[in-house]
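A, B and C label the chains in the order they appear, each numbered from 1.
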Amino acid sequence: MAYLDIENFCKKFDNTEVLKGISFSIEKGEVVSIIGSSGSGKTTLLRCMNFLETPDEGKMTLDGERLLQCPQIKKEKESVLRSKRLNFGLVFQSFNLFPQYNVLNNVTLAPLLLLKTKIKELKKSLKEKKKTDKTVTSAYIKKTISEYKEEKKKEIDNDAKLLLEKTGLTDKTFNYPCQLSGGQQQRVAIARALALKPKILCFDEPTSALDPELTGEVLKVIRSLKNENRTMIIVTHEMGFAKNVSDKVIFMSDGVVVESGSPKEIFDNPKSEKLKSFLINLENKENI
Amino acid sequence: MDFVTVTLKLLEGFLTTCEIFFLTLVSALPLGLLVVFGSMSKFKPLKIIVRGIVWIIRGTPLMLQVIIIYYVPGLVFNLPLLPRLIAVFFAFTINYACYFSEIYRSGIESISKGQYEAGQVLGMTKGQVFFRVIFMQVIKIIVPPMSNEIITLVKDTSLARVILVAEILKYAEEFTAYGLIWPLFYSGVFYLLFVGVLTLIFGKIEKKLSYYKV
Amino acid sequence: MKKLLTILMVAVLSATACLSLTACGGATEIGTGDGKLIIGYTVYPPMNYTDDNNEFVGFDTELAKAVCELLQVECEFKEIEWSKKVMALDSKEIDVVWNGMTITDELKQAMSITEPYLENKQVIVCKAADAANFSADAAKKGLDKEGLTILAEAGSAGDSTVTGLGLTFQSVTAQKDTLIEIKSGSNKVAVIDKLMADVLVGEGSANPDLTYVDVDFPVEYFGIGFRKTDTATMFAVEKAIEMLKEDNTFDTLLSKYFG
C-alpha cells in the first residue's frame, strides 16, 4: 500500500462539479507536482486534503491510517479534524503570515499553542494519578509540569531557529512580515508549516504571487527540502521547476486526473490531446 | 457668583460626566463583542434578532432611549423607577455596545479569509484563531473609528440631563437660567480638555500598533 | 440768536415727543430700530400657544400684537429656550421676552422689566391620588416631608418659591417637563404657574390623572423683559399697554383667556 492514497475525491460547489473522482497515490519521500490550467480543481484538491473543504465523496489513507471517509467525515468533531489536519502542512499562494507577530513568533505560535493543550492534558492525567498514588503530590505536579514546559519551550524555540537558518532567514528572526520581501515572507511561511512536523507538506502555487526575480529563492528552499527526503505535493505553474524537482507529475483538467507519470513521460511524451495543447499553449506564452 | 464657585459646581457635574463615560466604556466594549458574535452568528434566528436590535438602537435617538428606559416602567407599568444614573448607564451601554459592535464587525470582515485558514491548517482552535490571530489585527484596524466613537461618547454624556442627571451641562444650564451666561461656555473647556487627553491616548495607541501592517 | 434758540427748542421738543410717543417716522428706536420687534417666547398655554385651528394665539401673543400695532412696528415671534432667555436678548436674537415671565430680583439684574401687567401664583402639581397629602393650609408641612423632592423650572418663580422655603429642590429646564416626572412616579410633586396648571392638568385636560393644589404661596407678578440698555423700548411698551387698558382691549383679552 502506498504512503498516501486518495480515492475518488468528488466535490461540488453549488452546481459546479469541481472534482469529479480524483484518485492517486504517493510514496514516502516522493515529490509530486500537480499541474493544469486554472479552474482545473488543483487548489480544491489540496484544500480537501488539508480539511479546509470537505469532499462530497472519497477516501484518504495516510501511512496506513484512514484519515478521511465520506460521508462520515461530515459528522466529525472539530477537535478530530484539527488533529487530522496536523498530518499536512500547507503553504499558501498569498503567504498568510500573521502580521502582528515577528518572524520567530510566526513560526513558534502554533507549536506553543499545541504545547499549551498538551500541558493541560498532562495536568489532568497527573491529577487523576494523584487520587490513587500518594507519591504524586501537588508540589510534584507543579514541578513536573514546569520542567516539562521549560524543556518543550526551549525545544520549540531551537527548532524554529534551525528552520529559519535552513530557509536563510536567521538575520530576519525578529523582523515583522511587513518588513520582508515576498520571497522572504514565503520562506517564513514554509518554516512555519514545517514547525509542526507534518508528514506531507503541500504548496498551493507558492511562487504565483511573487515577482519573477524572487521565485528562485523560494524554489531553492523547496529543492533543499527534497534533499531531506520530505514528502511534498506542489501545485505549480513553474513547469521547469516541476520537471526538475518532481518524482511524479499529475496533470489535471476539468476536475479529473488526465495523465500522471514521471516528469519525462509527462513533459517529453504527452499522450492525451488535453495535455499536449496545455503544454503547447504554455510554450507559446513563453515565446511571446 | 465668582469664578471659583462656578468652577467647583461645574467640577461636581464633570465628575458625574466622567462616571457615565467610564462606566459606559468599560461595559460597552465587551458587550459590543458579544453583540458582534450574535450579529455574525451562523445561527440565523440569533443573527436576525441581534441585527434587529442593533437596527432599533442605532435607528433611534439616544435621548429617546434614555427617556424610555427611565420613564416607561413608571409611566406604562406603574413600576418603581431605576435610579437615574443606572437608567443612563443601561441606555448608554446598550446604545454604545451596538455602535461598537458594528465597528468590530467592519474590522472583523476586513480580515482576509487566508488568515483564518492559515490558523486552521496550523491546528489552532476557532477560539485561538480569533484571539491569537484575528483579534489583534482587528484592533489595529478599528482604533481610528473607535476613537471617533469614544470621543462622541464624551459629548453624548450631556444627554443624561434629559432625565435630570446632574452632569456638567445641567449645572451650566442652571446658571444660565439664573441669568449667568458665561458658565455655559466655560463648561466647554472641560469637554475640550477631556477630549484632548483622549486624543493623546489614542495617538499613543496608534503609534504603538504601527509596528505592523494588516 | 433768538432764531437759533427757537430752532433748538423745536428740535428738543420733537425728540422728546419721539421718545415718549409712538408715531414717529416708523418708530426707529423700537428694538434694534429696524422696524421689527422680535418677541421671544416658549410654548406656554394660555400665554403663547397654537390653538386647534393651527393659529398662534394666547394672552401674551395677542397683547404683544396689539402693542406692536400701536407702536407701528412689525411683530415677529421667535421660540427660545427659556433657560437661555437672557442670552437670547443680549445676543440680539430677540428684542423682548414676553412669555408670562415672573419678575424676580435676579431677572431684574439681568434685564429691564416693565411694571407688572398680570398676577400669577404658584401651585403644587401632583397625582390626583396624592392630592390629599397637600391640602391647602397644611401645604408647607406636606412639602416638608423627609425624602420629598420638589420639582421646579430652574430660574422660574416656582424655583424661587421652593428654594425660598428651604425645601429639597430638583430643577428641570421647562415647567412642562415636570409632568412626565410626576406621571411616571419619578417625583411626587412639582411647583408650577397656576396659569399653566389650569390648562395642563385636571379633568378635561390632557392629564386627568394629575391635579393641582392651590396653596398659600405669595402672589407674583408678570413683566415683560428687555435688554438692560433698551429702556426706551420698555417705556414705549409700558405706555402702549396703558393705552390698551384705557380702551378696554386689555380687559377683553383677560376675559377671553382667563374667564
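Note that contacts are C-beta pairs under 8 Å (C-beta built on N, C-alpha and C of every residue); 3 or more make two chains touch, one makes a residue touch a chain.
A quick note: this is a predicted structure, and the numbers were derived from the prediction, not measured.
**Q** Measuring between Cα centroids, which chain is at the maximum distance from chain C?
**A** Farthest chain from chain C, going by C-alpha centroids: A.
**Q** Which chain's mean C-alpha position is nearest the mean C-alpha position of the whole protein set?
**A** B
**Q** If you average the CA atoms of chain A and of chain C, how many Å lie between those two points?
**A** Each chain reduced to its C-alpha mean, chain A and chain C end up 84 Å apart.
**Q** Round to the nearest whole Å and give the separation of the Cα centres of chain A and chain B.
**A** 44
**Q** Would you kindly tell me how far, in whole Å, the mean C-alpha position of chain C lies from that of chain B?
**A** Chain B and chain C have C-alpha centres separated by 41 Å.
**Q** Which residues does chain C have that touch at least 2 chains other than itself?
**A** Within chain C, no residue contacts more than one other chain.
**Q** Which bits of chain C are touching chain B when the two form their complex?
**A** Against chain B, chain C makes touches at 82-84, 86-87, 90, 106-107, 109-110, 153-156, 159, 170-173, 180-181, 183-186.
**Q** Residue numbers of chain B touching chain A in their complex, please.
**A** Going by the criterion above, the answer is residues 112, 114-115, 117-126, 128, 132-133, 136-137, 140, 211-214.
**Q** How about chain A: which of its residues touch chain B in the complex?
**A** 50, 52, 78-79, 82-83, 85-86, 88-90, 92, 94, 96-100, 109-110, 113-114, 176-178, 192-193, 196
**Q** Looking at the complex, which residues from chain B come into contact with chain C?
**A** Against chain C, chain B makes touches at 67, 70-75, 78, 80-81, 161, 163-164, 170, 173-174, 176-179, 181, 184.
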